[in-house]
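Structure incoming, see below.
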Amino acid sequence: MTALARLAGVSYRYPGAEALALDGVSLEVATGSYTLLAGPSAGGKSTLLRVFNGLVPQFHGGRLAGHAVVAGLDPARTPSRRMASVAGMVFQEPESQAVTETVEEEIAFGMEQQGIAAGEMRRRIEALLPALGIDHLRYRRLLTLSGGERQRVAIASVLALEPRLLLLDEPTSQLDPAGTEAVLGALDALRSGGDLAILLAEHRLERLLGRVDRVVGVDGGVARAMSPREAAATLAAVPPVCELGRRLGLDPLPLTVDEARSALAGRRLTVRATEPRAPGDELIRVDGLTVAYGEHVALRDVSLSLREGEVIALAGPNGSGKTTLFRALTGLTRPASGEVRFAGTPAPGAVRERTAFAGLVPQDPALALYQESVRDELRDTLRHRGTPRAGVEPALARWGIDHLAGRNPRDVSVGQQQRVALAAMLAHDPRVWLLDEPTRGADGAAKVWLAGRLREHAANGGAAIVATHDMESAARYATRVVVLDRGAVRFDLPARAALGHDGPFPAQAAQLAPDAITVDEVVE
Amino acid sequence: MTISAMPLRQRPIVLRRFEPGTLVFVALNLLGLFAYLNPFFAPGATHADSGWFAHNTDGPVVFAGVAALCLVLVVADLTGGGLNSKSLAALGVMAALAAVLRTITLPAGANLYFFLVILGGYAFGYRMGFLLGALSFFLSAVITGGIGPWLPFQMFASAWMGASAGLLRPAVGRAGLGGRSELAAVVVFGMAWGLLFGAITNLWAWPFLAAGPDIAFEPGAGPAETLRRYWNYYLLTSLGWDVLRSVCNAVVLVMLGGPLLRALLRFRQRFTFELG
Amino acid sequence: MHAAAWVAWVGMVMALALAITNPLYLGIILLGVVLVAVLAPRTGTGVTSFRALAIFGVAMFGISMVVATINGNYGEHILFTIPGPEVPSWLGGLRLGGPVSAEGLAAAAIRGMAILSILLAFGVFNGAVSPQRVLRSTPAALFQASLVVTVGLTLLPSSIEDLRRVREMRALRGAGGGLRDLPSLVVPAVIGGLERSMRLAEAMEARGYGAAPALPARARLTAAASAPLFIVSAWCWFYEPGWRPFAAVAALAAVACLAYWWRAAARLHHATRLNDEPVPAVDRAAVAFAVGVAALAVGARLTGLGGLTYNPFAGLPMPAFSVGGALIALATAWPAVRLGLRAHAATRAEPETALIEVAP
């Protein structure tokens, strides 16, 4: 295999930044290879990807030092029009990369900019649609597609320019498991087809370690290339199965559950699980809740109870009613029928009063940040809640953001912004937390931190409901798992039963050590 | 940090070939203004026959058409070749927001459209302000089905509002205003445009709609008399609404001016944002 | 009907309504437009706007009549006198009331009818044409401007969604809403939108959208030169009758400047279109017909043939009427013929196929 792209001693600083975003990165990408960029958020993965197609420094400004060559071109100096037909890039959010209205037009946009003849455009579109499994979507409007479908359209629209290098910046971080699998499956299919090299940045390694040829760990602007097995041994955040392998000293380290199972054959593992405290008084009770949007019934006769000390992981595919349940609990949506009780009394009518007791953090909460400092942001919430100003400093400390207090919330890193938004929405410290996909797009460290916050809150007599697709993370904090399906409760089980080896969502740890649900519980 | 303490547009100092942008922009705007205001200084039409009723609107119609052409040429010159992707996308999203805000009707028929064009122009400069004013009005007409003969004049008025807001910032900076007095300048500017916008956009139909010695357009009446008659027309048909709009602009700008301007200027710095 | 045919029709109605002051012909134009409005499809984004525009048109007609009544003592046939005050002279000295003449009312009705026809025609246009389709076929010279509008249309739903979500999040944080909370609603929506637009810009760049090379200075200055040429031409034509030949030459020169610019832009513009739908022959014929009728009307107006003009202040004579003039006015109804034929064909077809939108 020949080198398609080569970076030598590349360093980069964003305009106005003090620290280097990339610090002396040297890397080769071979034709037809599949490389995973892994590492914590804000570690430099996205920046490194953008060096390959010249967005860094051409779009972002700043200073780039060192040498970069991609297919014989210098990406830092080649115009984007030329560069796009060498290196294509797919971004994190499906909704902010579409320029046009329909799937076909979207795929054609890049080709139109290149002045490719209509007949050739049609030929390429017809070849790409089946390759990505989106044949049936050709004339659909983009707004009506799911996240996984839109990301596959984005991949198609980039591949239409026939690049030799495909760059993907956390393409599945906003997707549910079905969408993620569809996108990764499409990439597998593309790989088998030719000599396209793929470079993919991602936090969640579970589905990827077994698929890629090579892993590049990126942290603090420094990159290190290694084999997937080496990565499993050295990276900070790895899937539970690798984590377990490390603890038990397995060699070679297993990358998948099957590998681990054969490596562990005949070994006895003991499990030291801590039983959760018995739940206390009932905080929320929902009886026969039904919500309809016009003809569409979003929730169907849902009954649920939440007690002190409980953390419910609320799962189910997109569109199964998780968000609607939160909206109905906080009064944002009026139910058609059913009753909500808070701590034994009927819930008040106004959103403001309901969220004083059960605070909701919706998806992408950072959207509503608008004050000019983090401290003002928390003060704003407390002012509306009529609680004393003295509460600001303790709240900053509770959420571990005291060092950011004077910063503008729009300036901090994405991970920090997420934490600031959580703190702002929950500054008044409500008894019940309702979190809608709080770990979406978060890196391993952020997930561990949030699990700790949830356990602490529950231990202090609070309770929480967390809507999530990430059951491995849920194993760290959940005491119960509730699964919604088309608006109805499908399961309502203790976490140990739901995530155990014979439950509906066996955690990786449970598949190896039957009574455990997290790696921490396993001892030899 | 006060708003004017932030650096104005940072221009790389390079020797360039002759750049016609500013010349074309200024010339076409002045010509457009001249054509549009033509009724005020047009000499009397030379129709000795009794056809004057039929003919006294000919001049205004043709000159209004020329004004509309000037608008199209300015927009084409500002966008054609050299609108980078950042400016293009930012204009698109600002226009979309302005169009949405135009549909939110406040009490007394006023709406939230004006402040965004004013503050956008103020923060991003006169060229961006011009495009923002013109294109957001066009977008709003497209989505609400408001395309009609008045559209070029509304677009022109709105574009002038955005462009003049872009010119206001350097003026405010030169006058040494900062903090509250800067905001006050923006508020007064917004109030003035509340009235001016109506005065400009009502002009297109005036020669057709009014008949009467104190109020009708009459070619050759001279600037002073024409202005008096247009004032009467404006007083009768538009002033009431415009005063409400002007007050609403002031209230919204007082509420929003400070925080949104600071946020827009920060945004511009953060993304090293330039039109060009 | 193709969008180009609709554009041509609206342009024709405008030209006719502005060129004609004969109330009989204006009445025919108005009837023609109303007939088209009844038969026209309502599929564009402006479905709701037709009503609004119709109401606006009637209101303009009303304003015209009211102004003529309040201040309208041109003419000799005084119908009645309204006693009314006078605005102080420092405020313009507008006299409210006074004698109301038949000539004044007739003049107001004539102008009002023209405006009403134009507004109704635009109402039909907004309802019948999808703006996305028109934007898709903008010429090279305005390509970037139309791309801004296209991007705006694409981002519109998410802008609305952002405003809604920010409002909800404010409520979730216990904010009371109302005018005082306006900054916390608008600032995040604007800044969040701008941040999203930067991500969109990045994605566009990654897909090869780069600023097109700028037009050469020569082409830009030539385009700009057309404006003063047009102004000089119009000025000479209307106000210096001795210079009319010169005016005609200046107008031709201006058109030549525009054509040069247009071609320069087209040559530089190398983007292609996936769906470059050609205009069907029927619609091309329709455009030619509309342009022809408009030219005929302007020509008749300039030469005084056909009695297109009328002056009520010349003693309220009976307006002239000729078959030729009436036919020109009647030409505004031509889309009705096509739409009527299509509707007839659709009712004869199977019910299932009649439900399917027939692509023109």
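Read from first to last, the chains carry the letters A, B and C; within each, the first residue is number 1.
Everything that follows uses one rule, which is that a residue touches a chain if its C-beta (ideal position, glycine included) is under 8 Å from a C-beta of that chain, and two chains touch if they have at least 3 such contacts.
Treat the numbers as computed from the prediction; the structure is a model and nothing was measured.
With centres taken as mean CA coordinates, the chain nearest to the overall protein centre is B.
The interface holding more C-beta pairs in contact, when A-C is weighed against B-C, is B-C. One simple way to say how far apart two chains are is to compare their mean CA positions; for subunit A and subunit B this gives 44 Å. Remark: subunit A and subunit C have CA centroids separated by 49 Å (rounded to whole angstrom). Our note on geometry: subunit B versus subunit C, Cα centroid distance of 19 Å, whole angstroms. Contact of a single residue of subunit A with at least two other chains is seen at positions 59, 370, 410. Residue positions of subunit C touching 2 or more other chains: 150-151, 153-154, 183, 187, 191, 195-196, 200-202, 204-205, 209-210.
Contact of a single residue of subunit B with at least two other chains is seen at positions 85-86, 259, 263. Every residue of subunit B that touches subunit C in the complex is listed here, in rising order: 17-21, 23-24, 27-28, 31-32, 34-35, 42-43, 45-46, 50-55, 57-59, 61-63, 66, 69-70, 72-73, 75-77, 79-86, 88-97, 99-101, 112, 116, 131, 135-136, 138-139, 142-149, 205, 208-216, 228, 231-233, 235-237, 251-252, 255-256, 259-260, 263-264, 267, 271. On the side of subunit C, the complex with subunit B involves touching residues 14, 18, 21, 44-50, 52-53, 60, 63-64, 67-68, 70-74, 87, 91-95, 104, 107-108, 111-112, 114-115, 118-119, 122-123, 125-127, 131, 141-145, 147-156, 159-160, 163, 179-180, 182-183, 186-187, 189-191, 193-198, 200-202, 204-205, 209-215, 217, 220-221, 223-224, 226-228, 230-231, 234, 237-239, 241, 265, 268, 304, 309-314.
By the touch criterion stated above, subunit B contacts subunit A in their complex at residues 85-86, 259, 262-263, 266, 269-270, 272.
Residues of subunit A touching subunit C in their complex: 53, 55, 58-59, 79-85, 88-89, 91, 93, 95-101, 104-105, 108-118, 121-122, 125, 143, 157-158, 161, 330, 332, 351-352, 355-356, 359-362, 364-365, 367-370, 380-381, 384-385, 410, 424-425, 428.
Those residues of subunit A whose C-beta lies close enough to touch subunit B in the complex are 15-16, 59, 61, 370, 372, 408, 410-411.
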